[in-house]
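Shared between the two complexes below is chain A, which pairs with chain B and chain C, respectively.
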Partner chain A sequence: MASLVPPPKLYTDDVSLIVIILDTNPFFWGTLSNTSALTFSFSKFLNHMIPFVNSLLLLNQLNHVVLIASGVASCGYIYDSATAVASDGGQKVPAVCSEILSRLEEFVAKDQRLGKGDLRTVAGSMSSLFSGALSLALCYIQRVFRSGMQHPQPRILCLQGSPDGPEQYVAVMNAIFSAQRSMVPIDSCVLGMQHSAFLQQASYITGGVYLKPQQLDGLFEYFTAVFATDLQSRTFLELPRPVGVDFRASCFCHKKTIDMGYVCSVCLSIFCKHHKKCSTCGSDFSHGHSELDRKRKHSEV
Partner chain B sequence: MATITMAAKYKTSVKEPGIPGVLKMMEDRFVFTPNDPRSSTKLNVDFRQIKGHKFSKDGSKQALLNLTQDPEKGGGYIFEFNSFPDRNACRDFVGKVLGRIQSAEKPPASQHAEQLSTKELERRMKLLTEDSELQNLHRQLVANGVLMDSEFWAARQNLLDNDNYGAPKQRAGFKSAMLADVKPLADGRTNKVTFSLTAETIHQIFAEKPAVHRAFLDYVPTKMTEKDFWTKYCRAEYLHKTKNSVAAAAEAAEDEELAIFLKHDDILANETRRKIQRVDPTLDMEADVGDDYMHLPDHGILRDGSKETVEGDNEFSRRTLSQDLNRHGAVVLEGRALDVELGDTRTVAEALARSKQGSSTENSDENANMEKLERVCRMTEIEDLQAPRTFPVAPLCIKDPREYFDSQQANAVKTLGDNGAGMKPMDCSLSAEEAWIYLMGQISQVKVRGFNHPIVQSEAALKVLNGLNQNLSSTKYQFGKNSQESVLDRLPQRIKADLLNHWTTIQELLRHFWSSYPITTEHLSKKVIRLKDAMTDIYVKLQEIKESVQGDFRHQVSLLVQPMVQALDAAFAHHDNEQQKRAAKGGVKPNGFAQ
Partner chain C sequence: MAANGDEKRSRREDAGGEEEEEEEEENGGMIMEAWERAYADERSWESLQEDESGLLRPLDTASILHAHYRRRLLRRASAPASSRIQKGLIRYLYLVIDLSRAASETDYRPSRMVLVSKGVETFVREFFDQNPLSHIGLVIIKDGVAHRLTDLGGTPDSQIKVLMGKRECSGEASLQNALELVRDYLGQVPSYGHREVLILYSSLNTCDPGDIMETIEKCKKDKIRCSVVGLSAEIYICKYLCEETGGSYTVALDESHFKELLLEHAPPPAAIAEYAAANLIKMGFPQRGADGVIAICSCHKEAKVGGGYTCPRCKARICELPTECRLCGLTLVSSPHLARSYHHLFPVTPFNEVTSMLLNKSNRKTSQTCFGCQQSLGNHGSTSLHVSCPKCNQLFCLDCDMYIHESLHNCPGCESQRESRSYDAKA
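Let's look at the complex of A and B:
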């Protein structure tokens, strides 16, 4: 008789922990379906995304997939393959999918409740809480790191559609740097119209893949061809590389994306205007002839 | 190196006592003035008459310098100096002067506006040959007459200074030669053996043999004179050398001071014990003591022609070669921290004692034992049994968190309120309510309908794969293998070189240009005009480069060229502006400045 104790999990180097960050911004998805040029909708997106989650789990028995939704007012865990209950509901969709879908419904409903009366939604800002979702993902990965000596190779995949929220710049950059520190690559797949400077920087800094698919109806193909590759295989595969990276920063004072600005000489905070005092570290810039010097410089150039 | 003045004695031959006086050396001649004003021996000699110079060795009886004249005239000028450093300074000076005269005689020295020493020129030449970029710049700017040689180098004074020339000479450490090499000199006739000790050796003895050092401090000069002390020391060394342990024991019994030199050095032994305690505690050095085979017959190290073996537990047993070597190595590695001029033995000994006091950290045995135990625990720690180490995290420090977050929040809200409408990148035609309903509808749609079949549409999939492949191969072609490559590396080699070259040239020109303002002299105004012409040339060249580049790279090149053009434009604008101001001032032309 076989022993009752399950054998310890043998995490080979191709076992992955994939944390997928899902953009559930209703404004983005609503507008996307309205534009006639692209016949792409959230349901179609789910049609590509959920089979991709399934195929990730099929790639290796020990693969571990976590879904995190980032809404406009909140973000939260949607699905965790480690704790999922394997029950067949006998519906049209398999058990995994029905779980994902029902959790997603719950999340969206909650996000709507929380978003009511929020200034950001009223003002029509359309960015999702990307920084929060990224932090959740990193927290989850840290927990796995600390669970034992052996753990699957973690990576984060961001499926973002809505534009960047410059007001999240500091939080996002902090999350990116902590991902870099714990050697977690951030892959990004941009579904929206514009490139995302946040994700470009995130993938560049952490060594992940940044991709903006041209054919949204072939999204599943992009997923399996590019984002399914585990970290071990990436060493000998040729993956798409970005042509350029938008390194622009947001100023700390007004959260505007700027090309040129002032940098605090003490703490490197970025400002779009000259300040007498750094709001981050409190350094006083009013001493000396800084104002005078600056004016002089200006007149010379 | 203008002049050098030293007290010296002038003599016509080595043996005579010489005439005391002052020797003054200048660039082209040297003058000797005797102290006695009545003396007729005054010298005033042109260096061109001197063909060579000889000097006595450092540490020999006299500090001599002989400036030799032509061989046929014979003789020369012999000077005796008070000390070797004085002599060496003069010797170096003469060497430089003679070197310059000889090198100048071969090719007629080019008459430069400024007088440069050969040394200076050599250094410039060396810098130019070492740095091809600098050489390029030099050729471009100086050879074409845009800048003067002196102007070019004035901005690079730091490069010239960095050269080891003129820097204080490195302090010499202990010689690697062992103390054992203070060999006794025996003259064949008598039974006398001579040891010669210099200040240098004494310092080394003190550093390597703490017991001798302590004995010196204790005995000299209260109990015996310094000479007696060293005589005893040398006697002990001699006994060591002759390996006559019986004689050594006998002599030590008679003379307790001598015994100190022959006994094992207890300070050293203490120090060794302390050092052993600091060794990795998992290594048992005591168990390995016999592993050197030194105790077995026919084993040992060959030294001074005979095998060296450890002899029993004799109190006066000899130090082995490896002990000597180890001790010497330790002292050399510690380095010498004495700032005292070697000379007076007593001061050296005291200074050494002071420096040792500072460095030694005496801790009680108990303390050491505790520490040792702790270290054993740490060394034998088994990784699997320990909790995972947490990452060291530097806490984020915000001076005033409330101010920081509040001001940011306020600003952010204000911005959103101000131009919330303008920020919308997409046409947000549907209201919030509609958007939410739409999203929920989409989810339930999937729930009800299930997935499309098939998930992969072959047509779309083919398009995607083709697109990806094309993208990959084209980026590979454009970027090469390395993703971290810079834009420059993708450009053709020639264009890259040209761009870099222009960039350095522009920087150099602009540095000179801006440093010329305000224009106060005619020289500066001429310089500015020269610089402006050179910059105009480059401006044209930049345009040419931009036009010559093929389609793919044109955009990148123009991006690279733009900052250069902007910098040049700023300079031109400033120049024109100044010109106009001067013109407006009208007739006032300072220093004959002509426009």
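Let's look at the complex of A and C:
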């Protein structure tokens, strides 16, 4: 890596590090290609995504692209443009394409093997391990931050289609807050049928762009028009506005997504129904039911 | 990490002025000779370290940083689970700021008042970061009276702005007036909240209209936890107040010490069971409306474009969170607000240290990479230390270890596998 890169890199404000999180959940891609209305397969999706990766690398020769896959049973790095250069001697388009494809194939096969043993996965948890992929992306970005005073501007792009996994709620929120503290925007492009509450919150909190394309056939155009713009240029552009943010949370007891619930005043755990005791901190709730009424009376005074 | 660096730098700047306090003019602090600046800014002696044989050598900051962090982490982890979790997370705190004549003294750079107001700014932000559902109000004492600057509220920026506009110092300080005022306001908060007062006291005396002992007794009865951070010397009455009400009394030695003492009050104190009753509060998590949608809000009774939230129970429109729905009375909060503190509840287990020798034996591949950031773990110079997660057995570099436990609060390895889901039975 070091041998080929010119010693003083001239990072201008439009040099970007784009970490792309790729949803490889076979259940999601299976249902998407089977639905009569939209026939959009994983290979068609790759026909849009790989040219997009290439165009990012061509936009600025210092641009850095990292691909991370989020599968059903594992997450892993697929492609890193910084290390790929060294092995190949140049960023030839076919080389980038074949490397991504072969690593992806390897990953999907391994992910399937890991997922097989787990009956629960097959039984119906359709979500991919988004929290793991997001955590990996943030660790990678921290490494770039450590690399020196000058580094490319990092951002994360999530290409997610699977429904949110409510059991990942705490982990996803932790990752979002960490991204916010490091000022890393999370862009999201939702490929599935429903909006994603995780991605809406992620983009809203970190100041990224949230988009649910109307037509998946035009995905490459969406990618280049919206997600290829670096952070500096975004101030001059009219990017898609948020369509609202779904702030629903997951209850700790059943991992259900809820918009109303009970919150423990000691530890702030969320429950979908009234419990006698907090399962997280052990607080006893059997006494004192008139709190809310008292509070309301005070606020009216 | 970046924020850490900034803080260190500013702390260094603040600590700079102690040596040459006599020569300084009142509003100065900026005027320094070049040779003074060299000592004050750089503090070159601090970056040296004595080794076993008594020789001075430059500090290995990275490894020291990591050692410090390990100690902090292990101490946190070894605390009993109950004390780690039983935190009074809903706090109602009045910050009392002494703006009497004593606060204009310049023994702290550039003056006590400026130091205090800067400290309050960082404190308020840190406080809301760590206590998402809590409230802070500001009270100032000057000319022998206490005056409430801001109501108990949940937004840091407005509080700070008000304080920055009111920074003149004059007259005497009255501890009793301040306590009476605060006691009055704290009487109205719901019983599951923790009532607290934090006093930043510059004076060496208190000028009271009546018997302060009675007031302290009343505070104790009302379960108001009073803490004082002093800027001059220890005073008996402050010590007595804090002891009686279960608070803490500390006196700052210099600028950086003051900031440290102040920030110690930001994390939630261990809740004393009798001080607040645990309760299950019914709350709604409203959805944020799309930009450009016009709706009439229930709080201002006005048509507003874009933004705003919708009550999940009665669908009323609200402008800001947290609040209580005007129509149905449901407490409405933003769920990310709550989620900010969940890492306290489900901390990542400390990773085990692995030396590279062990690594080579147990793994067939010689070149290992960090699971988090893909950095190779082999040639790391002198420090060939790595860590591994006891749950998923993935290897991490020291930098990722620190980032994972201090900021991310997720183990990327555990999150990348199906079996161990994060929130059961970790505590």
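One rule holds in what follows: the second predicted complex is superposed on the first by the 257 of 301 C-alpha atoms of A that agree within 3 Å, B and C clash if a C-alpha of one lies under 4 Å from a C-alpha of the other, contacts with A are read in each partner's own complex, and residues count from 1 in each chain.
What we mean here is this: a contact is a pair of C-beta atoms (placed from the backbone, for glycine too) under 8 Å apart; a residue touches a chain by one contact, two chains touch by 3 or more.
The model shown is predicted, which means the values in this text are computed figures rather than measured ones.
Look at A:Ser43: by the touch rule set out above, it reaches chain B but stays clear of chain C. In the superposed model, A:Phe252 lies in contact with both chain B and chain C.
In the superposition on chain A, contact of A:Arg146 is made with both chain B and chain C.
In the superposition on chain A, contact of A:Leu237 is made with neither chain B nor chain C.
Applying the stated contact rule after C-alpha superposition, one finds that A:Ser265 touches chain C and leaves chain B untouched.
Contacts of A:Asp284 after superposition: chain C is touched, whereas chain B is not reached.
In the superposition on chain A, A:Pro163 contacts chain B only, with no contact to chain C. Counting contacts by the rule stated earlier, residues 115, 120-121, 146, 167, 181-182, 241, 243, 252, 280-282, 301 of chain A appear in both its interface with chain B and its interface with chain C. Remark: chain C residues 1-3, 82, 85-90, 132-133, 188-192, 271, 276-293, 309, 312-313, 324, 329-331, 333-336, 338-346, 370-375, 399-400, 403-404, 407-419, 421-423, 427 touch chain A in the complex. Those residues of chain A that touch chain B in the shared complex are 24, 26-31, 33-35, 41-43, 46-48, 50-51, 91-93, 97-98, 101-102, 104-105, 108-109, 112, 115, 119-126, 146, 149, 163, 167, 181-182, 193-194, 213-215, 217-218, 220-222, 225-226, 238-241, 243, 252-256, 279-282, 300-301. Those residues of chain B that touch chain A in the shared complex are 384, 388, 391, 397-400, 403-404, 407-408, 411-417, 420-421, 423-430, 432, 434-436, 438-440, 442-452, 455-457, 460-461, 463-465, 467-468, 471-472, 475-476, 479, 483, 514, 570, 574.
Of all the residues in chain A, the ones that touch chain C in their complex are 72-77, 80, 114-115, 118, 120-121, 129, 131-133, 135-136, 138-140, 142-143, 145-146, 167-171, 173-178, 181-182, 201, 204-205, 241-249, 252, 258-271, 274-275, 278, 280-285, 287-288, 291-292, 294-296, 298-299, 301.
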